[in-house]
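These are the structures, in structure tokens.
You will see two complexes here that share chain A, one where it goes with chain B and one where it goes with chain C.
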Partner chain A sequence: MPFLFKLLLKNAFRHKLRTALTLVGLVVALSAFGLLRTIVDAWYAGVEASSSTRLVSRSAISLTFPLPLSYVQRLKGVEGVSGVSWANWFGGIYITERNFFPQFAVEPASYLALYPEYKLKDEERLAFIRDRQGCVVGRKLADKFGWKIGDQIPLRGTIYPGTWTFTVRGIWDGAEAKTDESQLLFHWGLLNESLRKRAAKRADAVGVYIVGINEPQNAAAISQRIDAQFKNSLAETLTETESAFQLSFVSMSEAILVAVQAVSYIIVIIIMAVMANTMTMTARERLAEYATLKALGFGPGFVARLLFGESLMIALVGGALGLALTLPIAGAFAAAAGTLFPVFQVSELTMALQMLAALVVGSVAAAWPAWKMSRIDIVQGLRHVA
Partner chain B sequence: MKAVPLSYIARNLWVRRVTTLLTAGGMALVIYVFATVLMMSEGIRRTLVDTGQADNVIVLRKGAGAEINSGVGRGAAAIVESLPGIATDAEGRALFSKEPVVLNNLPKRGSGKPSNVTVRGTSELALQLRPKVKMLEGRMFRPGSSEIVTGRAIAEGFQGAGLGETLRFAGRDWLVVGVFDAGRSGFDSEIWGDSEQMMQAFRREAFSTLVFRLQDASQFEAVKAAIEADPRLQLEAKPEIRFYAEQSEALATFISILGTSLSVIFSIGAIVGAMITMFAAVASRIGEIGTLRALGFRRGAVLVAFLLEAMLLSLVGGLIGLAGAAFMQAVNISTTNFQTFAELAFQFQLTPAIAVKTLVFALFMGFVGGFIPAWRAARLKIVDCLRAA
Partner chain C sequence: MSESQALIRIEGLSKAYQRGGQQIPVLLDIQLQVQAGEFVALMGPSGSGKSTLLNLIAGIDQPSSGRILFKGVDIATLGEGALADWRAANVGFIFQFYNLMPVLTALENVELPLLLTDLSARQRRQHAEAALQMVRLEDRMDHYPNELSGGQQQRVAIARALVSDPSLIVADEPTGDLDRVTGQEVLDLLEDLNRNLGKTIVMVTHDPKAAARARRLIHLEKGVLVPDEDLEGSKA
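For the complex of A and B:
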């Protein structure tokens, strides 16, 4: 066995330049594969981060239709509901459109109570609740724009016209890596007062209700109870778990996600072609050697093992290097993309799939040459000059 | 300087068929991805640009950016309607439409997954205002009724949106009385109904946009100035064509940036493949190279010969990839445009510019992959070569 291994090692690095080039190809392909899978994962991050103890109630028509504020009390009365808060999507622009990040007008005390994973210091939480002009932001967002507590943040409204300025009263840290730290929350009351003055008909309107429940296993029943409450009213509701709500956003861009996923497999096929080419060339050049081995009494299985072993060795070294490179590349990508992806982490499944891809590439690439070489005719092979 | 004949170069590729095919196959895949992405972003752009009509003007609330963010009160709408320069039809009615635009969350056929569909309230003049839209089946909705007509992509893609079916939203059942074809523009992904009926059903106080035809496209500046000068109006006017082009910007740019960066990463793999193949080609033909040089071919000729071989290889890959991508034109896809937050159906569009760009990219990969091996071949000494053979 050590003899076979030594032979494999010598064979693999006989053609240094070719092996090096193949390795470069493998490393690029496998790290790209890992990066693409991570991008797809990042898209689903909102779903992963959602809590099973929260339901989201929105207008049955679509998210762009508001619900009346008067639903708060009726929601609180529904059996199984432990807390109710609400949020409006603000859609403001910070300096330019490129600086996109989500902003929500929320009812502060109840909202923060429903989102315990947003870790705020007690004094910051109180300062936010007390200041109508205040806002709280996630750590990642604050770092991106260099905001500190006390800074003024001007946002240009698209849905709610005018320029709105908020004072940072707190910066939250996520309880877990998957927690969203790229949002800005401010007082719903401030928004509503301004609407009352300027566009009274748009006032007292809520984008979505966040409903806290104690027992996740009753989520379906509670959702039905809520929707039944408002059936056949002017504003019917559609209540779903937070993860289903988040998933409905992801499925909207499904076509793009499917394309990215398909592309991540295409790159594995490309590298398979490159690797197969390398192995075919290698085998052709060593025709005479294999014939000699066979003449010495080694069986066809030995020749096949030699080729498979060499191919797998190169593929696995490439795979390991690619895997090692994926982490820093993903880190750099996350830094460049900023708040576009709230969470960007290479999952263990991705790493496992990368190694699996390397394994598959290595064995598929060797299959055809191994089959051919194990069947060569000794006499012809010896006569052949590479 | 005498050049090495092209037939010699081509035949060399043929002799090593398996290797040539594998290398070209890798390149073909890269080119396929590159071309499809360009076609996709072109398709989105074309679909939305086609949606606009050259002499139509769209009026939105200042800074709204998209139709669903916008609001235009009845008073403001009446002021705009009375501006001079608006075209009229044969019966003297102004070609002017006050449109509420809302998003409606409807389940798709088959998967049942919900997606946002644009529902537009308009008038019976809609077909005159947008001449590209033609009724495909059934008839136009009757004013003042709960009837709707649906775009081709919606009728095919969403539950209850086909001819004769009913959709339930905003507390009413809406009967689909017609399906229209909008010539592969954005309207194919919309539902149209009577403007006033929609306003009541959705309890809206304000329209989303105003759309009107100009008597003469050159009057746009005058109309725009009149709207902006009026202190009662917090509105902005845009040529419809430009408005829809802006709606495609984010998604088309996103796809082309994503795709181009992917293609560049992929091309490294394919270039490495070409390089391996060409190095092997040089190594196995050392004797031939020596003979060529001894016959009087210069170093430059040998360099060009191997470079051309690499580029021919990549051209084969490029053509295969492009042919594969061309088939994608038959595929209809739809996704959510994140700028409007609504479903948009479109097709892959192959243009001559894309074909040229793709083939240039393929040749570039061949050039980069082939240069170092060709350089090495050209640098070999005649004596060494002949001795090696």
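For the complex of A and C:
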């Protein structure tokens, strides 16, 4: 082991309790930083998972206003459109309100064609399309409630009253980690038939249209063409990319997200102050040692390197432990949050930022004491002993 | 004493400290020569300036005026980096309180100054072991300072001062923290280094018995040198 590294290591753990407490602080702060960032990421997961080949058309007035089913054919005729499907938010309750998860009434064949990232076995896809009482669910949702193929899922309608029972015909796996696996999809036709019987005025109405396009670079032009189609009609449309559509939901809670992000950075600043205090105390205690080193012929740079090295060593050990702890904490958090967050994963960027934060904390904490100690007067420093 | 042989030649050296807007003179117009191979004891009452003179000779303090020529080079004109290099190459330090690194073993403490040389790790270790053998601490190489007695710690410090084979060893009250018997052992060692290895030693002490081990005694009174006393003659 190189001499200097050995010296840094021995110095770093000279005061075991102090170093241990500093490490605990770092681990807590950096894992909290990682967790908070992951929560923010989870909020944006829908945006991240959006496809650039999908547009969403909704009522220009509000998402709560439906669009006529008759728009389907006109949408298909718009230049640049490769496919059209539609969905209605169902908002049912499974046993209790605490079991929240998104449910959509969709047109099965066209919808699944537009969502190739929902990996369903062919036989399950066919079984779903054939069975009007059937539904498909994401793997995460199925795992949470222990559902399997053939299970009956009763949902108590809130927007659409009554108890609706669906048979699980398929369970999809996401093509990527960011793919949403927390939804339930069932036949829009079943919902519409029921409405025709019970509330005819609400029938043949669509919540949103999902429009497939082949050329993402033309998304803006196609959106404009779609909206132009329905301009001055009773139900004007507002078409945007799926990512913009998802972002509009996130923006509703943007203030909270900004606060969460701010807290995550404040935590890092606090631990930076704690660490700086530790390094300042350490340097002051070793004043005579640094003076001795300088007397022996070591330059100011060597003294600064000793302090920076020690600080970085502690910070990086704390960072690594914090990072390692973030993964099980995030796992436990995700389990506790259930399907509230469709995707809850500590991203590589978050892990990199955690280590970067550790690096910054270690560097900033050592900056002042290193500068100060590298400039100490040898004679004054040696008197510190006496 | 021949001027041409002088290892250290001090000319018109003065040092004053600034305290609360006032200049406090500590050393006044010092003229001094130390020959290679001398063992000089600097004595004087507290505040006489003996430690300041030692610090200036060792290159860890800067004079207010005057010259300190070491082998003809005025170290008072050297910049911080050059002075550090000069100390590493030419001066071995022995402090009153040993000033060892508590996290390093005796061997590692002795090896420390060699980090400033081009020696390999293996060579550094060999040199450090040899230095510890010279101070008869070869059986304590892996001990930490807190596992050694005061005398043993000072012997480690002497080994550290020796290991880079400097021309000059400066010792500031090397026995000041030791009991009489241990102090004698340390002085025996210094005397041995001077007589057998020819090391030039400048030692500050307030202890006349310690000073008596030197070959030359220099008195300082209120920052002024009083005439030398040659101890060789008195010892003989």
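The rule is simple: the second predicted complex is superposed on the first by the 383 of 386 C-alpha atoms of A that agree within 3 Å, B and C clash if a C-alpha of one lies under 4 Å from a C-alpha of the other, contacts with A are read in each partner's own complex, and residues count from 1 in each chain.
Here is the rule we use: contacts are C-beta pairs under 8 Å (C-beta built on N, C-alpha and C of every residue); 3 or more make two chains touch, one makes a residue touch a chain.
Keep in mind that what you see is a predicted model, and the values were worked out from it rather than measured.
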| message | Quick check for you: in the superposed arrangement, does A:276 touch first (chain B), second (chain C), both or neither? | response | first
| query | Touching A:253, do we find chain B (first), chain C (second), both, or neither? | reply | first
| query | Which partner does A:40 reach: the first (chain B), the second (chain C), both, or neither? | reply | neither
| After lining up the shared chain so the two structures overlap, which partner does A:267 touch, if you call chain B first and chain C second: first, second, both or neither? | first
| request: In the overlay, answer first, second, both or neither for which of chain B and chain C A:355 touches. | output: neither
| If you stack the two complexes on chain A, which partner ends up touching A:17: first (chain B), second (chain C), both, or neither? | first
| request: Go through the superposed model and pick first if A:288 touches only chain B, second if only chain C, both, or neither. | output: second
| field | Partner touching more residues of chain A, whether chain B or chain C | value | B
| message | Taking the stated contact definition, name every residue in chain A that is touched by chain B in one complex and by chain C in the other, in rising order. | response | 386
| message | For a test of understanding, state which residues of chain A touch chain B in their complex under the given definition. | response | 17-18, 21-22, 24-25, 28-29, 32, 36, 60-65, 91, 156-159, 161, 201, 232, 234, 236, 238, 248, 251-256, 259-260, 263, 266-267, 269-271, 273-274, 276-278, 280-281, 285, 386
| In their shared complex, at which residues does chain B touch chain A? | 18-19, 22-23, 25-26, 29-30, 32-33, 40, 61-66, 68-69, 102-105, 113-116, 169-171, 202-203, 205, 234, 255, 258, 262, 265-266, 268-270, 272-273, 275-277, 279-280, 284, 333-336, 338, 341, 343
| Which residues of chain C touch chain A in their complex? | 55, 58, 60-61, 80-81, 84-89, 91, 93, 95-97, 99, 101-104, 108, 111-113, 115-116, 121, 124, 160
| said: For the complex, give me every residue of chain A touching chain C. | reply: 2-4, 6-7, 10-11, 14, 288-289, 292-300, 378-379, 382, 385-386
